[in-house]
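In the two assemblies presented below, chain A is common to both, partnered first by chain B and then by chain C.
Take a look at the complex of A and B:
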């Protein structure tokens, strides 16, 4: 049964390759564009184009979902399998990351950080299969960054909007505009950092591939017949670059995005103040209930 | 145009990817974290239960051991007591028996002595009768006349008594 889930988790990638082969026209030469648009749903504000990036990110989500089902299938309390060791290691690792970077209060963030990590990393790694990496679309990463921004603001507002508004006048009130700019800059910088790294990686890869092909043509072009057409320089060298741009950069950007999320959310949350208020509220409530009990006793 | 521009911001796409992330968050929460956390908590609970059971068993064993030790020492004391009792009883019975035996023996000896005395007396009596009759007969023969038994009895008796004393 679990092998079915494993196969199902691989299927979305194969489906992505099939979709790419069937529906996306091959680009010739240097053609740096965004994602291929399959069709557009008519909506106000420009309509919703269903692009390769969207489809690929759904495929990634499907793949992760089936992989989760595969991992958590047949969990036991005794005589655990290697698979279970791995999945428990993963979960505890993410929990440890949250605990170290955000503190006990934010333990509920563990699945969210795991979602960011896995979605970002696997989206970037889509390029290994020759698919369009969704992370090189600003809209995808922008959506995540906006969600993170909402979370940051939500936690900053936990002590009430007044404290949140006051935090902009820190340390001196006339710096408020700068503070507002830096606040808004957070999601933008997060989105552009991630998007830019992945996109620049694929652009550089493509440029180098084309350059190597031309260089190969220059060096070996005089050889008659089909041998002269073989781009020898394109063998091997782009693979090494791919290790950096696709594997390393993709995983690193995912980690950075997750790390920044944790730091911003935990850092923006005035935890001491919130705890103090919570304790005060609790004390007030207890006092009120004690008073009501005393009043009831007096009535009786 | 079939492709997007390299930088093209579209509010719906942003919203869609935001929702995608939320969906993945929910998927991971329900399908990965919840079952794994559950299984870990279950295992912890099981281990704690095992520990509790082990310590309870241990305590029980200690208790049993203590009670057995107590019982053992009690049994030892009791055995000593029983042996002592038995020895005492045997001693007492022994004494009683000895006493009874001695009494019986004394009674037997007394009886034997009495019998012997009686026999002696009987013998003396019979001998005296014999002697009386013999001496009477002899005296009759010698004197030639009949002796009055009653006249001479005192004489004869004193004679015989003197003879018996010698």
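Take a look at the complex of A and C:
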């Protein structure tokens, strides 16, 4: 059964390649465009374009889902398999990361952070298959950044909106406009950081590939026949650059996005104040229940 | 005349993109300082290497942000702005 899930986790990638071959017009030479728009759904507030970035993003989600099902299928408590050792290692790593960066209170965040980490890393690695990486589209990364911003704001408001509003006038009240700007800049900078890194990497590698093709045309162009048309310099050399721009940069940006999510959510949460209020509420409740018990006793 | 105007628009966009990327100097200096300090720290305390490296990468990523803002502006100027500006010009001429 688990082999079915493994096959199902590879299928979305193959489907992405098929969709690209069938529906996306081929580009020759330098052609740096955004995601290809497949079709547009008409909605009352305006058209909703379904682009290559969205489709690839859904494919990555499907792939990760089936891969997780494959990894967690048939877990045992005794006599564990190699696969289960790897899964336990990964889960313990993520738990350790959360504990080190966010503290004990946020342990429930581990699945969310792992999801963001794997989604972002695999989305950037889609370019290894020749597909459009969804993270080089601002709409996808912007959506994640807005989600993280909502989480940050929720945890800042955990002690009530008054304390949240007060935090804007933190050192001195007249700095409030600057604090509001820096609050709004958080999702923008998170989105731009991730998107800019991946997009610049893909643009640079495309420019280098085209330049190498032209160079080999210049050097070997005099050879008659089809041999002169083969771009020799374009073989292999872009792959070395791709190690940095696709593999290293993609994984690093995924790690940084997850890390910043953890730091912002944990940093914005007024934990001492929240714990103090929680203890006070608990004490008040106990006192009230004790009083009611005493009142019942007095009535009796 | 229209050709000249479109040429000026394209040239202005390309020049603007080039000027925007001057902002790459700042993150370069900043990240260089960060990595130099991290190397010093690792040299002094080699047992802290993994922590220092993680913190340095985080700091580098945050320091890179201003450069990436400039990069986004440059990319917009190169790939998005010329079409928009030429459309505006043609609409204005009528």
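The rule we apply is simple: the second predicted complex is superposed on the first by the 297 of 300 C-alpha atoms of A that agree within 3 Å, B and C clash if a C-alpha of one lies under 4 Å from a C-alpha of the other, contacts with A are read in each partner's own complex, and residues count from 1 in each chain.
Note that in this section a contact is a pair of C-beta atoms (placed from the backbone, for glycine too) under 8 Å apart; a residue touches a chain by one contact, two chains touch by 3 or more.
These figures come from a predicted structure and were not determined experimentally.
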Should the superposition on chain A be reported as showing a clash between chain B and chain C, or a fit?
fit
Please indicate which partner A:68 is in contact with in the superposed arrangement: first for chain B, second for chain C, both, or neither.
first
Touched partner set for A:32, first chain B, second chain C, both or neither:
both
If touched residues of chain A are counted for chain B and for chain C, the larger one
B
Per the contact definition in the header, classify A:256: touching chain B only (first), chain C only (second), both, or neither.
second
A:200 contacts which: chain B (first), chain C (second), both, neither?
second
Under the stated touch criterion, which partner chain does A:289 make contact with: chain B (first), chain C (second), both, or neither?
neither
In the superposed arrangement, does A:189 touch chain B (first), chain C (second), both or neither?
second
Determine, under the contact definition given at the top, whether A:76 touches first (chain B), second (chain C), both, or neither.
first
To the nearest 10 degrees, give me the chain B-chain A-chain C angle using C-alpha centres.
140
Give me, in Å and rounded to a whole number, the least C-alpha distance separating chain B from chain C in the superposition.
7
Residues on chain A lying within both footprints (that of chain B and that of chain C)
32-33, 199
Provide the residue numbers of chain C that touch chain A in the complex, in ascending order.
57-58, 61-62, 64-65, 68-69, 71-72, 75, 79
So, in the complex, the side of chain A touching chain B is made of residues 25, 32-37, 41, 43, 45-49, 51, 53-54, 57-58, 61, 64-65, 68-69, 71-72, 75-78, 84, 87-88, 90-91, 110-112, 114-116, 118-119, 134, 137-144, 146-147, 199
Which of the residues in chain B end up touching chain A in this complex?
1-29, 31-33, 35-37, 39-40, 42-43, 46
Chain C partner, complex, touching residues on chain A are 32-33, 189, 192-193, 195-197, 199-200, 203, 252-253, 255-256, 259-260
